[in-house]
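Before anything else, here is the set of structures, which you'll find just below.
In the two complexes that follow, chain A is the common piece, with chain B as its partner first and chain C second.
Up next, the complex of A and B:
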């Protein structure tokens, strides 16, 4: 969560810097500062940077290094070169979990974006008492992963869950959602979409409020209907928000899949909800294979990077095709 | 745009219906937490408990003990305070004090944002293990508070908007940088402090994986670690209603913070620059 927020802040900050480039040019002239300034700045910055280095930078570098070692946490780490990566390539469970991770992202991101956009359009309206009703849309934010897990485990319960009781009203016999090899993953994806929607709605609302009103009047003059206006004017106008949200959600679904599955299904049934992150977690804290676990995490990082690059390529191709 | 009153009524209804749809799982959580196990499983399902079973809360209390709740407050507040102590001075210096390495520091802060957190998880655990911080409050608080990039960037963005003249005037009057930070910048920073504290507190309160790994012992157990086992499957001996009661207990502080800080919290989520 914090990371997502930080990325948002960073991106908006970059925009702000660009806007204020006039001011920063004069600021640059002063950046060197006096010796006293440097002293005070060092004093104020170093505790945060020291802590950040030890607990954020070192672990990442450590993870990179560990993936070339074999270590059970208690003995001495043994350098094994590329062995962990060689093992990884032939590890069927790794490939399955990579596929699970990918399908979490594929199943989750597009519906989240589409639903979030439509809901934001719905609540982005001026009417008396709207503030109070809007809060209902933010409600899922209140539920932590553990709270969501408890709540939805009860809803999905095969025998006593309210979902199957509701389906029974329509004569449908619901499955045992979380232990059904086919339904377990979609069931988790629905929880994640529900949890992710408030953030997406907020980001889209902010984007919607920046669309100039006169575009709509022009469209109305041209006789465009509401549905037509929505897809030909509103949707393209929030494209930059959509790109940001897509990236945040892709990362979010990789992480969310890990936490929820850890609590609710432990990767089951038959490994159908075991994402790469969860597999790496089990290898580390179940089997105490710290090196192989790091190699798995590193592989996940590479896989995500490839995914992002592919995504950029596709959007660029789509744009040039337009 | 002119709209007919029928359309407006339709929009109003849509807002309410979809809002209820979004929040209905949480409403179900509250309602189900007061049902007996039998009523939860009854067909057709009931929306409101016939007679509220308050015992569910007494049972949930056995898992979410006062100590667990106290631990969660200690850890969450500890993380917020330590982050403030680390990030505020750093952010002020990065925004207002002329310093050659500002660009380098900012670049370092940004790096981990592009790395999925689970790559660092195992080594971070190892750091904690080597420091002897397993099953301790310090091990729960310090490593999480140290991930302060969001805090630093957020505060820096705010401090950068303070007019240079204000600060120069104070400097010419002989105020040191620390005095400028404490007496001028901080009082003006109240809204951004509210934003940060609500976001940071809720993030800390909702942590699960880190405390599960580094402090599973009862003495330091936090809310979510105690709650997760109540997400029992089909064969769980614990009534789902007790789990729901626990989930309600765990959510109450979040709800309070959210209601009090809603405006600032939402602002923090959007990022201040988007307004």
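Up next, the complex of A and C:
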């Protein structure tokens, strides 16, 4: 019995040693595998990291450096310390353009999200010929800012534009949209929403297609109507996509305001469409003040970073609430 | 961000700044090089690229052992400065390049452009002397800090004139055509008559002030009223002074009655060549395109005077040699050929619509030849001689001026602000920029 017990113990111990040995071999294999994966992953992402460093990090560092200098593009930069940042705080035009940038975001993001969501729901249905409709919805994505500007400038033209001709049919005399201090910014926002919608629709469609069908079946059994289903099931189910889209669009409206305003209004009338980016551009290449322009750009970068961080904070709060 | 990362970031930024500083210092120096077997690069804006390619081809045909590579870049003037700066930093400035009045001073002050005056005196342009050029055109390329220097040579003595559509005049019952004796009041009266008769379908005269930033119009107009835009001797702007206010009031009176309604975003569909505008202030450079596009009968006349003073604006892009060029002799050789009345300038008149910027070229050039319309093309000679060119403004203050006058015009036209107040505020803005620039 004692011998049997000893044999049993020995066998058990050997088995344990063998298991340990096999386990450590597996772990070593896993470690080797993980290390190999790490190398492959590093190799694969290195071109992107290199490009990001060269085209994003280095220019940001260059901009940061330049913001402490006075430089007219051609001469030798002169170190001015914090002068550019001090000027920034007291520059009324900077605050006006910051306000314009903020109002582009405020006026543009919410309608883009709402319209994008509704259109995504519409084009997400399965029916013959829907592919063609989807292509039409995505068409604005193919138009560059310059092409969009030319197209919309002809629509908004005060004398011969389609929009005012349509209004005239109803006896309404339309304004000179791009030259009217009240209407110029909303006119640009509409173009930006039109340009942004395709991406928003794509993102919402991806989110919609991840919602399990059985939730809808259960809702139908409970007697929920279409609107009830839309607002109580579909909309909450795409909440994380909405947060992502909101952040992307906020950043997009900050940047997108630059191109269109530069081409269509040059920031006018009365600075109503002059975003911070456009002001920085004019300071750099009109007034040849690269240092101050860098300070303005850096300020915008910080503002966007704060916006993104706020977005992430909201996401976390929502997750913890769930 | 950790406390360790911040010094690293600052250090990296410092290194980048030092790199920028060393690059922009432009430590490369120029060299004479040799003309035979030379190869030079000429940079111009894309709009002018086809004609410069023809000049280069003709030059290389005459001198087969010399090569001229024409490079074109953006037509946007603000981006053009950026392109030049990039070329400077990377040590790849072209040997000869397009220059323009508002950049000329900055380029000269930063030793980008070569002083051409000594070379011209030495006979680098053959028999052509600096005195042969129309003074105000070559004056655009004399640096404010040292007016004895010349850092660019004008290519064409371009000036503005009154373009008018005879067909539209006849269509709306106006038999009186513009003449050299016309005043601006005559222009206004007839423009209003046509605009009213057409019920607004035809614009009498395209707004001379445009969106408020048309320096080529308001500059001479202010001068004609006895004022000034910028006085280099005192370093002051006069756009808010009573003489200038008269000019602003006069120019703004056109909007809505004799011209289109004011718009801060200019209406691109309004175009003399599209026959929806009866008169416009246009430059000689616009003649070839109008000849092709406009089927109506049309002609040109010198701009009216105010109190006997010319209101004609003008200007010319120029050609400069880079200080860092390693082929300066070859660059000079090309310029000698280009400015020769029987060689490059002859071709430039034929294919580029150029008016030679010399007295001899204006008087005897072939630019006046050609089939009408316009029948009165020769008036551009007188216009060029009488043209009032604005004094160069230092640094980026010319851009500040444009922004300020646009803003003041918008305040008056869109908000109903008092004109004097608006332009006095604009003057304060420009003066502040001038003081900052001149105080450096």
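We take it that the second predicted complex is superposed on the first by the 251 of 322 C-alpha atoms of A that agree within 3 Å, B and C clash if a C-alpha of one lies under 4 Å from a C-alpha of the other, contacts with A are read in each partner's own complex, and residues count from 1 in each chain.
FYI, a residue touches a chain if its C-beta (ideal position, glycine included) is under 8 Å from a C-beta of that chain, and two chains touch if they have at least 3 such contacts.
All figures in this text were calculated on a predicted structure; none of them were measured in a lab.
In the superposition on chain A, contact is made by A:160 with both chain B and chain C. Of the two partner chains placed by superposition, only chain C is touched by A:270; chain B is not.
Of the two partner chains placed around the shared chain by superposition, chain C is the only one that A:181 touches, whereas chain B remains out of contact.
By the document's definition of touching, both partners, chain B and chain C, reach A:285.
By the touch criterion stated above, A:62 is placed in contact with chain B and with chain C alike. In the superposition on chain A, A:73 makes contact with both chain B and chain C.
In the superposition on chain A, A:52 makes contact with chain B only, not with chain C. Contacts of A:208 after superposition: neither chain B nor chain C is touched. Once the two structures are overlaid, the count of chain A residues touched is higher for B than for its counterpart among chain B and chain C. Chain A residues in contact with chain B (one complex) as well as with chain C (other complex) are 58, 62, 66, 73, 153-154, 157-160, 176, 178-179, 264, 281, 285.
Residue ranges of chain C in contact with chain A, taken from their complex: 9, 12-14, 16-17, 20-21, 24-26, 78-79, 81-82, 84-85, 88, 106-107, 109-110, 112, 211, 260-265, 267-270, 395-397, 399-400, 402-403, 406-407, 410-411, 414-415, 433. Contact residues of chain B toward chain A in the complex are 1, 8, 11-12, 14-16, 18-20, 22-23, 25-26, 28-29, 32, 37, 40-45, 85-87, 89-90, 92-94, 97-100, 102, 105, 108-113, 115-127, 129, 142-143, 145-150, 152-154, 157, 160, 176-178, 181, 199-200, 202-203, 205-206, 208-209, 213, 223-225, 227-228, 230-234, 240-241, 243-244, 246-247, 250-251, 254-255, 258, 262, 266, 268-275. Considering their complex, residues 1-3, 5-13, 15-16, 20, 30-34, 37-38, 40-42, 44-45, 47-49, 51-60, 62-63, 66, 73, 119, 122-123, 125, 127, 130, 133-147, 149-155, 157-160, 162, 165-166, 168-169, 176, 178-179, 194, 197, 199, 202-203, 206-207, 210, 216-217, 220, 251, 254-255, 258-259, 262-264, 277, 280-281, 284-285, 290, 293-294, 297-298, 300-301, 304 of chain A touch chain B. Chain A contributes residues 58, 61-62, 64-66, 68-69, 71-77, 153-154, 157-160, 176, 178-181, 184, 264-266, 268-271, 281-282, 285-289 to its touches with chain C in the complex.
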